[in-house]
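Note sheet for the following structure.
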Amino acid sequence: MKTTAAPARERSARPHKTAGRLPRRRIRLAGDATSLREARLLVGETLVNCPSDFRDAAVLLTGELVTNAVVHGGGWFLLQVDASPGRLRVEVTDAIALQPRLLALSGDREHGRGMAIVDALATRWGAEHIGSRKVVWFEICLER
Amino acid sequence: MDQSFKIEEVEMDGVPVVSASGEIDVATAPPLRDRLQALTTSGKSTVVVDLLGVTFLDSTALGVLVGALKRCREAEGDLPLVIREPRILKVFEITGLTGVFPIYESVREAVGSVK
Amino acid sequence: MKTTAAPARERSARPHKTAGRLPRRRIRLAGDATSLREARLLVGETLVNCPSDFRDAAVLLTGELVTNAVVHGGGWFLLQVDASPGRLRVEVTDAIALQPRLLALSGDREHGRGMAIVDALATRWGAEHIGSRKVVWFEICLER
Amino acid sequence: MDQSFKIEEVEMDGVPVVSASGEIDVATAPPLRDRLQALTTSGKSTVVVDLLGVTFLDSTALGVLVGALKRCREAEGDLPLVIREPRILKVFEITGLTGVFPIYESVREAVGSVK
């Protein structure tokens, strides 16, 4: 699942420093299994001036979607982060037509908690199919 | 293995204590799973898992801990966790696992709970 | 699953008559099991001046989503149709947290072809979760 | 039952022909399913289903036809369909069912195919 190709990074804007406010920023990261941690770092860095519970949730949820893209989605992913005042939208694209499934929580099963975490902490989330590509996304709003 | 993750193991009052630190995710979880599995295999039915040094943990980490808990309970033991950071505890809460694991605030308490 | 309440209809605009062009129009229909045919009629009527294969696909896909809302989604649904030049977006909201699943086609199974039809004919489709509500949607573009 | 849907049944050369007309969906499909099931139960292993008068058909209708086909094949018979409208045929095509059902353009051909 790992490739030696370095992840490509593009940043279209620098973050604005307004404490407690989301900077307007768009980040794309085309990555593979080795870029999971980098994906989380990018989101954490984008939200550096936001309340920590908001930032922690965004980082956790980004990690869950990227992990799924890597484990179930064929190993390759494209991460897009759109931060605008009060709202963060994270999109993870992979190349597998299968959808994420929200599994029922169980104290017994070893897997199947990722989308439940997304469902619990995101303001909204969804999946979108465009030909054979798929985008799984979530949004969190600062005022909840 | 990711530089950001470390496992240490000690024994306290005859109870093995595995201390994890750093970030536990799909990349770093396998050594933790292996270590816990090795302890059960070698006859330790109860293992304290100290997560005080953990700065990030996701659903993959939860899966590894649930798997280890199952094996310990099958051997009539347990898997007490040590967690203090609210951010880490929250991940257990939203997945309903605070009702599944015994959770303590210090290693001493966790070891003390083992009869 | 049937209720005696008549479905509520709101139309915020009359269709423009421009042959082969999609009229800009938004329709909402809050319905139950008995409104399936009405939902199809509303979409067909909205697209009355569009090419027939486009209209047929839109009507078929609307029926599939509404059927699912009625069968799997608890019987109640809200239909929203957004037609703009060149593009139709249909959203069906129901109150069940479970997601639609895209099942593999089989010549044997008696069910499980609805989302496959949506996947085959829609330009894009997806599902979105907002609290315990869920929106399943599709878009078709006139130029494909 | 929905006014927009009708079923008629005749026999041609000893073969039962069920003609459906109007719209087949989750609301109107049950009587079609019952009629086809009744024919198999009464010993008819092959039934021609004439869909020439059908103006709309969805995945629920496909499910009913696939169910009937299975029962006919189990009885070593078949379920030939009569379809001419490209719009109706398309629904079978995108679901891979044109390779599963024998499909004819007229009732006569469909009945003639039954030995």
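The letters A, B, C and D name the chains in turn, as written, and every chain counts its residues from 1.
Convention: a contact is a pair of C-beta atoms (placed from the backbone, for glycine too) under 8 Å apart; a residue touches a chain by one contact, two chains touch by 3 or more.
Not measured: the values here are computed from a predicted model.
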Report the inter-chain centroid distance for chain A and chain C in whole angstrom, where each centroid is the mean of the CA atoms.
-> 29
Mean-CA-position distance for chain D and chain C (Å) = 26
Please work out the Cα centroid separation of chain B and chain C, and write it as a whole number of Å.
-> 48
Which residues of chain A are in contact with two or more other chains?
-> none
Given which chains touch which, is the overall layout a line, a ring, a star, complete, or other?
-> line
If two chains touch, include that pair; go through all of them.
-> A-B, A-C, C-D
Mind listing the chain C positions that touch chain D in their complex?
-> 33-34, 36-37, 40, 52-53, 56, 59-60, 63-64, 67, 70-71, 105, 107-111, 113-114, 116-117, 120-121
Can you check the complex and tell me which residues of chain A touch chain C?
-> 97-99, 101-102, 119, 122-130, 135
Of all residues in chain D, those that touch chain C in their complex | 2, 4, 23, 25-27, 56, 58-60, 62-64, 66-67, 70, 87, 90-91, 94-97, 99-100
